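Comments concern the structure below.
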Amino acid sequence: MLDFEKDLSVLDQRIDELKQLSEQGEADFSAEIENLAAKQRQIAKRVYADLTPWQTVQVARHPQRPVLRDWIGLLFSDFIELHGDRCFGDDAAIIGGFATLENRRLMLIGHQKGKNVDENMERNFGMARPEGYRKALRLMKLAEKFSLPVVCFIDTPGAYPGMDAEARGQAEAIANNILEMSTLKTPILVLVTGEGGSGGALGIGVGDTILMMQHAIYSVISPEGCASILWRDGNRASDAAAALKLTAASLMELRLVDEIVPEPPGGAHRNDEATAASIRTVLLEHLKRLTRIPVSKLITRRFDKYAKIGQPL
Amino acid sequence: MLDFEKDLSVLDQRIDELKQLSEQGEADFSAEIENLAAKQRQIAKRVYADLTPWQTVQVARHPQRPVLRDWIGLLFSDFIELHGDRCFGDDAAIIGGFATLENRRLMLIGHQKGKNVDENMERNFGMARPEGYRKALRLMKLAEKFSLPVVCFIDTPGAYPGMDAEARGQAEAIANNILEMSTLKTPILVLVTGEGGSGGALGIGVGDTILMMQHAIYSVISPEGCASILWRDGNRASDAAAALKLTAASLMELRLVDEIVPEPPGGAHRNDEATAASIRTVLLEHLKRLTRIPVSKLITRRFDKYAKIGQPL
Amino acid sequence: MGWFSKKKKASPDPTKSKDVFVQCSRCHAHIFLEEWKEQVKVCPRCNFHDRLSARERLDLLIDAGSFHELGKDIRPGDPLLFADARGSYAEKAEAARAKTGMNEAVLAGHGRLNKLHTAIAIMDFRFLGGSLGGSTGEKILMTTEYAAGHKLPCIIVSASGGARMHEGMVSLMQMAKTCAGVARLRQRNLPLISVMTDPTTGGVSASYAMVGDFHLAEPGALIGFAGRRVIEQTIKQKLPDDFQTAEYLQEHGFIDCIVQRTELKSLLHSLLVYCGCS
Amino acid sequence: MGWFSKKKKASPDPTKSKDVFVQCSRCHAHIFLEEWKEQVKVCPRCNFHDRLSARERLDLLIDAGSFHELGKDIRPGDPLLFADARGSYAEKAEAARAKTGMNEAVLAGHGRLNKLHTAIAIMDFRFLGGSLGGSTGEKILMTTEYAAGHKLPCIIVSASGGARMHEGMVSLMQMAKTCAGVARLRQRNLPLISVMTDPTTGGVSASYAMVGDFHLAEPGALIGFAGRRVIEQTIKQKLPDDFQTAEYLQEHGFIDCIVQRTELKSLLHSLLVYCGCS
């Protein structure tokens, strides 16, 4: 539980108690419950309207925040996972496969974090190795071949900084994906759902439209890493978080993100279904739009989009 | 030294002795030397005109038979080795790079055996792993991109039957090469120089024209392997060698090979320069011919060539 | 190659049984014949997927009455006039024909899979170990060419010990011939779904079985290039039990989905739909 | 990123030396200044390849008088108005300009290499550790676009600690921007030769440096994605000495040739000729 969630949490407990009492038939507390819930929404709204960048980082990394598997269950009516890079392995930190979103068929690819220790060990905390990026590329090429749009869900602390990952070409795998995505002949829609961690995020993050959840972050380096290098003090992460402009709102201002997907007060983890509904709406809208654009035009636009970034004024 | 080489070897020794004596100024033995050499040529011619299939296997595997590095030195005026599969490793059992044959630039790829224990350890006896086949494919794609013909030199007992090779997809790597070579948009010229060992050979062996050295072999399975399965006796390898029709002459009859490159009497290892000269002539002739054919026609022909093999009469 | 050197699994043979049970050859459980049939020869206790004949597989996958066979009369050639210590290849091929009622190790054709029109080739391990000879390759190529010509998807169900050494280099070249056929599907953006069943090894694993857009495999199926014994001799150590199983291959990145036999048809249908087939 | 956290190698600085020797910073041998220059800053004893400035590299590779610079006046932007404990990014960029006489960490343009016309971009590690900012990416893209537009080959010599974190996500996106430029070379079948020099790490190794048709590297150059310290913290063990060297990368399949500096120009020329450049 995060610091600024304490009040919400206390109310959670109270509401739960009253609900239990109600269920035990002690008395009818529905009015009180509704009252407390309203109060909670109010607090959530206030607290979350005004998160600092560092608090946003904490929400984006919240251990209860829905992970890809949750979103798949909430959003898609069908998912056929396709495994393997056809070369070395099947990385559990990136998964992908065919999925259907309200009758729209697409190729879904994303980082998979865990929500407990075992899951996180299995998923390597969502930190992919080269075989993860190569699997992702294989699936993108399948999507291109069969004219399906690609949807990427980004949620990773970064590419795995391990010896084996370096030995098998982490740099090459990410570079090659970035390059191939820039000319993939099918629409690519990217949604940063939680952490957008540097090159590990970008390795499946080049697209026609970049969306960000309201409380997601996207950064060239972790605030802690930046603080330890530039402030020589890892504890100055909140300063670094502010300086790095890693929130959705800042990135909209910098025109690096195309649209923000709103989250309910309290964040996605307090109401995953409402969040899923707002994701669904935004995804469908952009899928409709992108699939109408002729592919050759799409590729030119994609190039122009990236060519503009960082151009001297 | 092979059984049927004994007479040749005895004469080798005699000639060497006489040469030494000549050099020491004892007397002039040049007439005797020429005499013995002529006799030796005669014997070589007789013995090598009439090799059994099993003897041919032994010549093809002869420890003194030139290996790829030898051929490179003998044939090409330039060779720039290009390393790595861009994915896992750099297999020393298959090497490749740009080479120049009398002003014709090409991509050379081939199995590399060793000629002594150390070299054979380094080269894994010319038995490639998946990364070798993937490196080969990468180089072929480069050749295609820059419109250079591909020349493949085949000399392998087979793909490496190791646990690591299986784990990294020996089957997939060979299959994918075979497929990609069938539609590679540049001429492919294949020369079996020594052992053509099954799928490990075919993994870099699909082409427009298949050439074989006179004493090379090409087989779906090693004679020993075939004997132990079908004769239940590995020592019946000579029977299996005969039944498998693995010599250049037999494969010409079966129309699986397009031309035989003649070797001097005694085989390539007794006169590598003369052998190189005859390889050069044949390669140049076919390179000239193949590079004149429009690529689309080449690909159609290549398909038809393989589609015909094994068609019911 | 080498299918006869493999110890044959004792497959339940209900025709020889007097009662209504079959015995699973892996866990030795006794299973009601009815249930065994319903589960399409999958053991309800240990999930052992017993081998199917090409015909049985066809009945499992293709809508009844919709199959049109290709190359029905194609029989093995004998380009080498091969004979070994135990007789001639011609005799062996004749015996395989008599045993299976098939003319070759593959059943080729096209039909409907939940109404979707598809080309399909199904191998039969009983015919000379599902080995890849000239005519086997010919029928695989007929299938891919039919798909390419009619803009159909293509499904290949493999079950093979590898190349057919009695045909020597003609057999090896079928790897190139069949892959050339697959390349033509790729050029036309037509999907190839490779279904690997027990066993898919040697020259078949190193050709058409491993170049699909999708690689499906049955649980526990043996899939690999080199034989276990050869590898053990080479590396001079014993291999782990799960080596070259479908599960091992998936872990190493070469299989998209391991699929329960009873769900195979429905998965194939879904994949075809995602690929835009109609 | 993180170039300043790296212990700087004490590069020989003959201007500060009173005599005619320089000292190799790896083996500490004293080398005649003349020989040092002739060997283009390579130690004749231990083969240490000391870093070159972009200008020195240009003189090594491009025929005298043939170079035309692109984007000479482009300077770093400051999209985040970034400042940290030790001052503002704007000040740091200004200091880098003063120190190097360059406006950015890359020198871009086109010229002749043994008479062959080529586009070329050369990074300079002295300028903010060769970090990849918006204007750095812009100049790389100008180079690839010039090559694409004029049907020229392209050579990129990298020397970089990675992304320039003072520009935040603008910096990260330069990986995509530059690779999009490389993709356009691929579409036109124009060769990209990537030359990796010490160091080529982080965002530069994970973008244009690793997507060349040919990957050349100088002996001993540090090449990798994640930093050694980060990896050691992650896996909780010490890394081998040769980890992330050019030699290590070649062994693992990512480098075509490791090339002696004095032979670099001639190798580049040969490769261009094989690619059909004239």
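Residue numbering begins at 1 within each chain, and the chains themselves are lettered A, B, C and D in the order written.
The rule is simple: a contact is a pair of C-beta atoms (placed from the backbone, for glycine too) under 8 Å apart; a residue touches a chain by one contact, two chains touch by 3 or more.
As the structure is a prediction and not an experimental result, all values here were calculated from the model.
Undergrad: Identify the chains adjacent to both subunit A and subunit B in the sense defined at the top.
TA: Output, common partners of subunit A and subunit B: C, D.
Undergrad: Spell out the chains that contact subunit B while also contacting subunit D.
TA: A
Undergrad: With centres defined as the mean of C-alpha atoms, identify the chain lying farthest from subunit A.
TA: In terms of C-alpha centroids, the chain at the greatest distance from subunit A is B.
Undergrad: If you average the CA atoms of subunit A and of subunit D, how many Å lie between those two points?
TA: Whole-Å distance between the two chain centres: 33.
Undergrad: With chain centres defined as C-alpha means, what is the inter-centre distance between subunit A and subunit C in Å?
TA: Here the centre of subunit C sits 41 Å away from the centre of subunit A.
Undergrad: Just give me the whole-number Å value for how far the CA centre of subunit C lies from that of subunit D.
TA: Chain centroid spacing, subunit C to subunit D, equals 52 Å.
Undergrad: Any chance you could list the residues of subunit C touching two or more other chains?
TA: Answer for subunit C, listing residues that touch two or more other chains: 252-254.
Undergrad: Note the residues in subunit B that touch 2 or more other chains, in rising order.
TA: 86-88, 168-169, 172
Undergrad: If two chains touch, include that pair; go through all of them.
TA: According to the stated criterion, the contacting chain pairs are A-B, A-C, A-D, B-C, B-D.
Undergrad: Contact residues on subunit C for subunit A in the complex?
TA: 189, 191, 213-215, 250-257, 267, 270-271, 273-276
Undergrad: Which residues, counting only subunit A, touch subunit B once they are in their complex?
TA: 86-88, 130, 134, 168-169, 172
Undergrad: With touch defined as at the start, can you tell me which subunit B residues reach subunit C in the complex?
TA: Spelled out, the residues of subunit B in touch with subunit C are 159-163, 165-172, 174-176, 178-183, 198-199, 202-203, 206, 218-221, 225-226, 229-233, 236, 239-240, 243-246, 251, 254, 256, 302-303, 306-307, 309-313.
Undergrad: Within their complex, state which residues of subunit B touch subunit D.
TA: Interface residues on subunit B, with respect to subunit D: 78, 80-90, 98, 105, 131, 135, 142, 145-148.
Undergrad: In the complex formed with subunit B, which residues of subunit C make contact?
TA: Residue positions touching the partner: 1-2, 4-5, 74-75, 77, 79-80, 82-86, 133-135, 137-138, 141, 163, 165, 167-177, 179-184, 186-187, 202-203, 205-211, 223-227, 230-231, 234-235, 239, 243-244, 248, 252-254.
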